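Next come two complexes, and both contain chain A; in the first it sits with chain B, in the second with chain C.
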Partner chain A sequence: MSEQKIKDEINKILSSPTDGTVTVLSCLLLVQDEIGYIPDEAVEEIASFLKTSINEVWGVATFYTNFRFTPPCKNILEVCWGPTCHLKGAPDLISGFLDKLNLEEEGDSKDKDVSVRYNTCLGACQQAPVISINHSLRGNVKVSEISNIIDFVAD
Partner chain B sequence: MTANFSQLKIEAEQEWSQLVNSSKAWIRIGSSMCGQAAGAFGTSVAISTQTSSRKLDVNIDQVGCIGLCYLEPIVDVLRPGSSSRVFFGNVSSESIDGILQYIETGKLLKDQVNIIGYLGEQEIDGLSSLRDLSGFNLQQRVALKNVGNIAPGNIQQYIANGGYQALNDSLELGKPDEIVKVMQESGLRGRGGAGFPTGLKWSFMVRSPGPVKYILANCEEGDPGAYNDKGILEGDPHMLLEGVLLAGYATGASNGVVFIRHGHDGPIDRTKEAISQAYSSGLLGKNILGFDFNFDIEISLTGDSYVAGEETALMESIEGKRAMPRFKPPFPAVSGLWEKPTTINNVKTLAYAPEIIKHGEGWYSSIGVNRSKGTVIICLNGDINKPGMYEVPFGLTLGDIIHEIGGGIPNGKSLKMLQTGGPLGGVLGKESLDMTLDLEEMSQAGAILGSGGIIVADEEKCAVDMTRILVAFCQFESCGKCFPCRLGMVNLLEIVERITRCEAREGDLDLMKDVGQNMQMGSLCAHGQLGFNPIRSAITYFEPDFISHIKDSKCPTGSCEKLVYLPKNTRALGEINRENQDKQYIPINNII
Partner chain C sequence: MVVRDTKVKLKIDGIEVEADPGQNVLQAALDAGLYIPYLCYYPGMKSFGACRMCLVKVEQPGPDGVMKPLPGAPASCTTPVAEGMVVTTNLKETKDLRKGIMELLISEHPHGCLTCHRIDLCGPSDICLRHVSVNDRCVTCPKNERCELKDTVRYMEMDLDTPLTYNNRNLPLEVKDPLWDMDMNLCIVCGRCVRICSEIRGDNALTFISRSGRSLIGTSNGGSLLESGCEFCGACIDVCPTGALVEKDFKWDKPSKIVKSICPHCPVGCELKMEIDKKNRLIRSVGNLEGPANKGQLCFRGKFGLNFVNDNNRITKPLIRVNGELVETTFKNAISVVANNLNKYSGKEFAALISPTATNEDAYVLQKFTRLIMGSNNIDVSSNVVPEITDEIFRMTGIPGSSSSIWDLEHSKSIMIVSSNLTEKQNVLGVPIKKAIDNGAKLVVIDQRETELTRFAAKWLKPKYGTELHLIAGMIKVILDEVLDDHDFIEQYTLGIQDLKKSLWSFDIINVSNISGVSVEDIREAARIIGNDSPAGILYALELLPSQLRAECTKALVNLALVTGSLGRDSGGIFPLFDGANEQGIKDVGCSNTFLPGYRLISDNSSINYFQDVWGSNLNNSSGIPLGQFNREVFSGQIKALMTIGENATLINGNDSEFKESIAKLDFFVTTDYSNNEITSLADVIFPAAVFSEKSGTFTNIEKRIQFIRPGMTSKDEVSEDWYTLIQIAKAMGSSKFEYKSSEEIFSDISNEVSMYSDISYDLLDKEGIVWTPNSWSELFSDKKSENSTNNQDILLKFDPINFTDDIEVITSKEFPYLLVQGRVLFDEELSNVKLENGRYKSQTNPVFDLHPEDASKLGIVEGQTIEVISQENKIQGIVGLKSTQPGVVSHKSMFGDLINQLQISKNFQVSKNTDLNLVPISIKKL
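Now for the complex of A and B:
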């Protein structure tokens, strides 16, 4: 997409009606929800939309760890490393997923199929270890299921 | 249009009575996050398709979590003509046929479905009551009284079960001070971690000048191992809204904000839905229920940040900034959100208010022990047979929780460690099973009850490994504003990682204590002040584990030999260099 097109798209998102108070953070969350990441243009547009500085917007965007600044892969896999999941086998799960996707650490797979992200707690610790695939939760995940999970989403 | 409460109530009760006396069966599907992780959405779709292909006319609702998360997905059925619900556990697409046959014929095919029991007045042949399950009978559900029983997206079901009665009665009485008085007498203390008396907190706000004053409901819930705030919002969001309204009326506030972490779609969607229903029923907005009381509530979402749950950082986050704590004073009751007087309470704390006000003085304070009054919602998880969400009175012992409610440790292993109160809490050893559930007793032992999460570890887990994860969490989440926490957490993590690799240096334990002490004295918020807690309590109860790594170069359980993946980028310091072993560590005391 050209720069202008991205800008237009972002302005459309920012000017869509919302019921809550509009802030730098609410705009960033909105943009990432809609297009999956925060392009440089979004930082500029949000700054001018809210009459604040680019620095201010960058500061907020880099503080909250959920924001990313490059387009995500087709699928987003989040793996929990919180204490409960850790006890119930998260380390084996994480290394299994990384191996399967040829990754050394969290990040995007080379074929752009899966973005892997570590999460501190996905909120379903009762079913640990927990992962989330494209925002849908899955608990009691076994190492033996890793291949199937990845083959299924990457299909 | 000003709604009149008695009219709302009559309509709601009619609706409810039609539902429970209907000629159609009522199927309730547990669809909270624990249910979703176990596949509840798939179950839900399968039930819809199979009922329609069998031309079975039924009412279906997605409800919150009844607490027995180890049996999710849970489905329960109220058959026409029966006053008791039958609960089915671990429902898979194969067992749905058995459930539908029960609806059609009343016969229970025990080899096809996992039947948990029944709940209700009417006995059901060959089944035991859910109340006889040990995980159920020690419970006393106050804040969770509706969760799992009513459809969260239906305000009428809430009203028919006694909802908004406390609000209406308080508005009718017209004495906001009376609410503060009853809350003070109840002995309720904040469930967000610090345990501050709620009535007292509200009384601070009464004196602050208006007209704009805020009540904030804190559902950041970043503590790993805790899910009870989300559990309330997913299962019974109107209970929270009524609590916020009561707090608002009592303190003379004008606005409420429910603060939730983005991405938790269930709690967010349920709360949004509840707010819009409350507006259209005249329970929010101008002249609520026809009385001279105006109040608005909105939702504010935050990004991923643990410290955003700290009360002043939370206000920064609502204002759209980085979630970094503010200096106090000024205290929030004087100058908080947008520099207006503000009261911050945890979701659970606020959800208790409607029941406390409805019952009046003397009721809530009669439950519990010592200075810990009432009930507490425990999130039990880890190496335990029955992980779940249980609301119990204070005064039970930890042994009751682990063995009676939790059903003990799986695979015949024995208990090693309990981690309570979130990462800033602490760990306890197995000798703590005699300890009573009491805020003071637990904090004296070096752990806090905090938001109610209890993570159980069996004998095969290593205390040093657990400490590494807790410290890694605290380091990762340090906001970076004040240096004792920003640098101290990095130091602590590096030392703990060194110990897990059996590469500890002489004096490392003392060095950690030194760093921890400095963090406690010098940090701006409780994140840094308590950041050393997990290490301190682990050394207290599991010193042999540490000694074995340091002196014998051996992890007694082998857990620490595994590779552990932790995020490399942290907001406080950028990328951590885990390879650099030759740095000199200078005790912070010597720097200042």
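Now for the complex of A and C:
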């Protein structure tokens, strides 16, 4: 997308009717929900939309680890590392997924197919360990399934 | 000032302390001279409670009167004082808590300077050998020996014998910005810099990035400060308790003494602490928190633009012209040459100009010299090129300058700025204005260009060139029609409202709207802001106005201030924005072609007689030539000899090239200056002049505050203060009326002869600057008016009907049909094209010239096309934009940073000469 196009898009998003209080955070969330990340232009547009400074927006955006500043990969894989999942074997799952995708830490795979993110709780503890693939949950995941899951996602 | 008479009594460590209600415990303790360690708190800013260094134990009487401890250990900076409170700061328990937190803090801060066993053994120039690894050595920190963190840690007497495991952040040093370096490895994230930038300066150029353990200070997306809206005031450096933010210049140098003085760059009169090193160099300046005019704030000129005093090319010996060449000579010889030459001239043949950076003492001696010895009244201050903006206030209200104090603006309910780029020219004035806006005041800006403050404006009116007078008169009309005027004020303090009303009787708002191009609704709304929310602060420079409109426009603004009752209150007021640092004081002591010291008219016989008595000699009683006509009188041969005093005393804002031509015509030209420039190259005699950091004397700032400037540096060779040079010349010419041994003796003469300065002495000024008020005002606004004064119509403030002139000088011509208006902003996305060049940020911007769409289509120009803009003297290429506010006006914006680039290039005193932002007639060529 060209810079102008992104700007127009963001302005459209920002001026869409919203309920409740409009804050820097609510604007950032809107943008991230719509285009999946916070581009540079969004910081500037939100600042001028709310008559505040770019630094203020940037400060809020970097405070929350859920905001990302680069386009996300095609698929988003979230691995729960909450206490229940942890006890039921999440650490092995995490290292398994990371090995499979050649990653050291949570992040994007080199081929930009899968973004791996840790999640504090996916809210399905009775099925721990839980993962979410593109926002759909999958429970009782076993280490042996990792290869299949990745191959399935990457297709 | 809000007077608080009820004090709260509390006990801190067994000592009875009195505090203002609303103060916090830490402030109360510090005010009482008791120290509690703190890092994130900073005087003048809101408490933050982040560093937890100021933890204390507090007991407070409950509703039943029984003492109850507050839970835990509250931070004293966020605990408000209460009657009967008992605070204990030095319990072992709280001390241990503080120590624990400090240990965590310095676990991320290099602390060789704290743990090294040689801290107290090393001399100042000892070479560090091997006790501490290179990165952590005390000598590798720019704040070594002046670090607040180190002082705090050492005060806490921590047991640091065993080195803590210390985690070096290993972040690269940020050296890309032009004026300072940032070392995030030393940052303790106290947030002082972020808070001063948003809370005090209103710029938000810095922010906290990320959170928890990784949190640091930075700008949006790691961009340059140029892009982030920085105004380069350096406030963040002044408040930094560690070496994380430091000035680039003299980064490693330590002061051998610190001397308070006043910044010589603009009339705000910021008090600064000059840090002078052993080599007699001014290495740093820091705003003085106790400074009444600036409250610790400086601008880029006061913070980074004082290096000229260290110039190696300073003139240090007198020079005289022999056979067309300037040659060095002795002081004595130069004096006798000047005396012999000046003896040939008298009366109107002689003229004197003084630089606005001269002290009151210099100015007083110069005017006495000019009047007494030369018998001339041709004397003026070189920055006084728009005298109307103060003269008219004086005529109508009896006050020759601003009506209120700078910090009264902070409490104003509304503020109006007319044609002035004040955040650049009188930067620190912007601080109380932004604060007032933060507190809910509304800002009205009347200006054709975008300036830094327009982004804060509730209403930004953009009248056509030359229609400002109609617009302001229209606002007065609306205020009178809608009965928003301050009736009581008008009744009690003013005279002539009926005349003003009559003059506006047939005045029609719709007509005003047609003439000015501002909609009726906008005019009404702006008028309602000023009318409803009075007292209003009215500030004006009238830079972009046609010269013949300035006097009437000033009249209109004074009328507006009177109608809204904005004068003589503890908020609001009227502020003419002139440029010269000490222009006010220099006029006060009589450097004027029409006024003797103390604004006594020359044409008034009693004034002449008074000074003839005091000085014991006959005086010339005809007014001198106004500054604007100096050039013409030189060309016509009327003025034959000229003396200029102080650095580069040329016509600031005036036509420089014409001035230079006229100087060449003079028979005799003597000047004092600190460095060579185009004017000194034309001189017959040059005396080396002292700069502000070498002088002792007084400045009077824009709020009429007389302040002390103190010598921090010693003068080299034959460099002397201007008054000294002048009295030597006077003595050589045979006068015995100049027996001054020090500037203090001169000041005592000033306080005897200038009524506003009476009862003021150096001893009093040494404590704090004093604001003078004219006697008529003290009488008028005093609570207990005598019978006589209510009947005394002379002291009442006078309305003056506005005269409209249709005869506006058209500065555009067939050849140059467009007006170029220049503005500056802090941040603009389109302009913020900042690139790295040799590891430094540079703003690389093609100038954008905004045309009005109508003009563009007439010329057949489209957006983005390259054009050439041609003025009489210059040609610039740029890209076309279509955002001009009016047909016929081409606006050009540049980022604040552009000036910074210039500042870097200029080795000389260029910074002090305000770059003009006036209107320029231009033509446009397609390329």
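As a convention for this text, the second predicted complex is superposed on the first by the 155 of 155 C-alpha atoms of A that agree within 3 Å, B and C clash if a C-alpha of one lies under 4 Å from a C-alpha of the other, contacts with A are read in each partner's own complex, and residues count from 1 in each chain.
As a working rule, a contact is a pair of C-beta atoms (placed from the backbone, for glycine too) under 8 Å apart; a residue touches a chain by one contact, two chains touch by 3 or more.
Since the structure is predicted, the reported quantities are computational estimates derived from the model, not experimental observations.
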{"item": "Contacts of A:T23 with chain B and chain C, given as first, second, both or neither", "value": "first"}
{"item": "Touched partner set for A:F67, first chain B, second chain C, both or neither", "value": "first"}
{"item": "Partner chain in contact with A:E44 - chain B first, chain C second, else both or neither", "value": "second"}
{"item": "Superposition-derived comparison: chain B or chain C, residues of chain A touched", "value": "B"}
{"item": "Touched partner set for A:N11, first chain B, second chain C, both or neither", "value": "neither"}
{"item": "Touching partner for A:I54 - first (chain B), second (chain C), both, neither", "value": "second"}
{"item": "Which of chain B and chain C A:N75 touches, first, second, both or neither", "value": "neither"}
{"item": "Contacts of A:G123 with chain B and chain C, given as first, second, both or neither", "value": "first"}
{"item": "Contact residues of chain A, present in both the chain B and the chain C interface", "value": "59, 62-65"}
{"item": "Chain B to chain A touching residues, read off their complex", "value": "33-34, 36-39, 41, 69-70, 72, 221-227, 230, 262-265, 298-306, 317-323, 379, 381-383, 387-389, 419, 423, 453, 455, 457, 461, 465-466, 469-470, 473, 476-477, 479, 562-569, 571"}
{"item": "Complex contact set, residues of chain A against chain C", "value": "40, 43-44, 48, 52-59, 62-65, 69"}
{"item": "Contacting residues of chain A [partner chain B, same complex]", "value": "19-21, 23-29, 59-60, 62-67, 80-88, 91-92, 94-95, 98, 105-106, 118, 120-128, 130, 135-140"}
{"item": "Touch list for chain C against partner chain A, complex", "value": "198, 203-211, 219-221, 223, 227-229, 827, 829"}
